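Both of the next two complexes hold chain A, though its partner changes from chain B to chain C.
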Partner chain A sequence: MYQVLKESFQEHVSLTDEQWEMCKKKFRPKRMLKRQFLLQEGDVCRELAFVEKGSLYSYSVDSKGNQHVIRFAFEGWWMANLQSFFTRKPTNLNIEVLEDSELLVLDSKNHEKLLEEIPAYERYHRIILQNAYVALQQRVENALGLTAEEKYNRLIEQNPEFMNRVPLNLVASYLGISPETLSRVRGQFSS
Partner chain B sequence: MPITKQTIAIIGAGGNMGSAFAKSIAEGNYRLLLFDRNPEQLGSLHEEILLDHPKADVELMNCPHESSWEADIIILAVPHGAEKELADKIREVATQKIMISMANPIDEDFSQLITDPDTSAAEELQQWLPNSKVVKAFNTTLAADFEQPVINGKQVDAFIAGDDEKAIQSVIELVETVGFNPIVAGDLSVSGTLERMQLLLMQLTIKNEYNWLAGWKILHN
Partner chain C sequence: MYQVLKESFQEHVSLTDEQWEMCKKKFRPKRMLKRQFLLQEGDVCRELAFVEKGSLYSYSVDSKGNQHVIRFAFEGWWMANLQSFFTRKPTNLNIEVLEDSELLVLDSKNHEKLLEEIPAYERYHRIILQNAYVALQQRVENALGLTAEEKYNRLIEQNPEFMNRVPLNLVASYLGISPETLSRVRGQFSS
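Take a look at the complex of A and B:
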């Protein structure tokens, strides 16, 4: 139930067995089903979720009711609306379960405790935020500077199993292109 | 009240208290998971809830571990004597979750509590589930009160005891959804007092023939 989280810690920092036990008991194990909400627009995001199994995605809904996918989270990834988490203001995003999932959820109080009590956790968290920042910048660059073809190519280069797990309409929304354009691009790609 | 739906597992949903709670909380923005060790005890509870609340998100479960894993809040509506064994079954998926102790450790002839005088059912449960947030609640109300939380024009008080502030806040929301007046009595060590209050209420209910519809109300200015 905690294997993927343990591996994620071990990839970046070293924790003693005792520190790992201290970390582990701060997380709330939560199984969720496809289409359930981890967070809904209007609530304050007070928790960070780590995906042990399954996947989540976050999105906003514009005034016309169109869904805009912000990001996905698969096994070993973290998910939250950090803007709401850090500012403690209501979120404008929804976080929904894409595939039946097993999550480990850390509330802000326990997160603060771990930052304070376990220096290796603070270091781990800094690395995770650093990586998230780099990924976000890359995403902005891609969104602003690439053609639809380039966006699609880069996505499947970076994450080959993405297309097997995410419905096409969500991929299109994530890339900021229409589903028709995505079909065209994929047609070209396969030929 | 959060906009995001929370999931409540009711363990022992077929009993008097469990089913009374399930029917009355179904009005709120919660997903309900109903489990009972004897599935036939659940009878038509699922259908009854959907009849009263057609939009209720309610599911019958067949395992306490699975139910607790999915839940944010776990309600133990079982006798105190069954809680230790249950705690062993759900411990690993109950970490950091709100665990509501409804039980009153009262003996068979309603004469005394079976727990030691210096502890309580809730404190024992907290020992068995050290990483869960145990909250004492819904133990000073009788099952029939859930259907009728206002008796003779007075809203029944429901007392809450616990050590975690956020957990208490969530339980206050549950109490309000059910229709009782929430009163936070103190930390978990107050549970023994609340359990004794129920012993007295039951004794008086029998003696004075309150017909099992009775509750506590603090009068104040």
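Take a look at the complex of A and C:
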């Protein structure tokens, strides 16, 4: 159950066996079913979730009731609403389970403890945040500067398995284009 | 010259006098004039810049020649293209000086050294990245879910001095609305 988390740590930092055991103990396994909510608008985000298996996605709902997909998380990715997690204010996002999932969750107190006690854990989070920031800025740049065709192209280049695992309406929302435009773009690619 | 940087460290972490002197020595002061470029599309971003005085903004230019403002940086903010800084690949962004500025710049080698030698420096960067990530995600959510009126409203609430320091065409680009829409929205507020 902890294999993917261990690999994620090993990719970025060196933990001794003892440090790994200390980390591991702080996480709580959580199984969730498709369509369940890890977080709902109005709740405070009290836990960081690491995806061992399955997938999740986060979205906001605007004043007209339109859903806007913010991001997805597959195996080896973290998911949370960091704003709510750090400020302890209610979130304006929802996090829903896309495929039956096995998560490892970590509450704020345990996260702080690990940051205090294990410098390599803090380094790991600094690197994860760095990568997350770069990916999010890339998304902003793509949203602003690319055509629908280019956005779709970029997405399937970077995440080839994405199209098999994510329903088309969510892909369209994530790309900020209409489902009709997505169908048209996909039609061009397959013809 | 190093006062704002010192305050920024003190806000988030405790550095001993000796550690602060170690940090300080690694930065290089750089004065820049309005309209100069800290970074141009095609260059590799080799330095992180901290704004002691003045302001900068980053933007991309799409295939049709349209400018898209990504973010601004005022006193006490960091500016760089992190993707290019970490991957050492050419950037697709420009960073231009908005007002005559005094910067403190830090190259990749010195940044890595400080991360290695001073745990509090790594903590500082982890917190800065955390805050930057939260702000960027807020921007994505606003861009997706708010009307032009709401976007403008939110901006002047959070950054009241913004409107005095940033030309309207850049504000419009940053908000992802046309200059005409921005004028209309501002007209509603002043009437």
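Observations on the model:
To be clear about the criterion, the second predicted complex is superposed on the first by the 191 of 191 C-alpha atoms of A that agree within 3 Å, B and C clash if a C-alpha of one lies under 4 Å from a C-alpha of the other, contacts with A are read in each partner's own complex, and residues count from 1 in each chain.
Here is the rule we go by: a residue touches a chain if its C-beta (ideal position, glycine included) is under 8 Å from a C-beta of that chain, and two chains touch if they have at least 3 such contacts.
What you see is a predicted model, and the numbers here were worked out from it, not measured in a lab.
Overlay on chain A: chain B and chain C fit together in the combined arrangement. In the overlay built on the shared chain, the residue A:Glu41 is in contact with chain B alone; chain C does not reach it. In the superposed pair of complexes, A:Gln188 makes contact with neither chain B nor chain C. By the document's definition of touching, of the two partners only chain C reaches A:His125; chain B does not. Touch criterion met: A:Asp107 reaches chain B, while chain C stays clear of it. Which of chain B and chain C touches more residues of chain A is settled by the count: it is C. Contact with chain C, but none with chain B, is seen for A:Val140 once the two complexes are overlaid on the shared chain. Measuring only between alpha carbons, the smallest separation of chain B from chain C in this overlay is 21 Å.
Taken in their complex, chain C has these residues touching chain A: 60-63, 66, 68, 70, 82-83, 86, 92-93, 115, 119, 122-123, 125-126, 129-130, 132-134, 136-141, 143-146, 176.
The part of chain A that touches chain B in the complex is made up of residues 1, 25-33, 36-43, 105, 107, 109-110.
Against chain A, in their complex, chain B makes its touches with residues 2-5, 31, 66, 69-70, 72, 92-93, 95-97, 131, 166.
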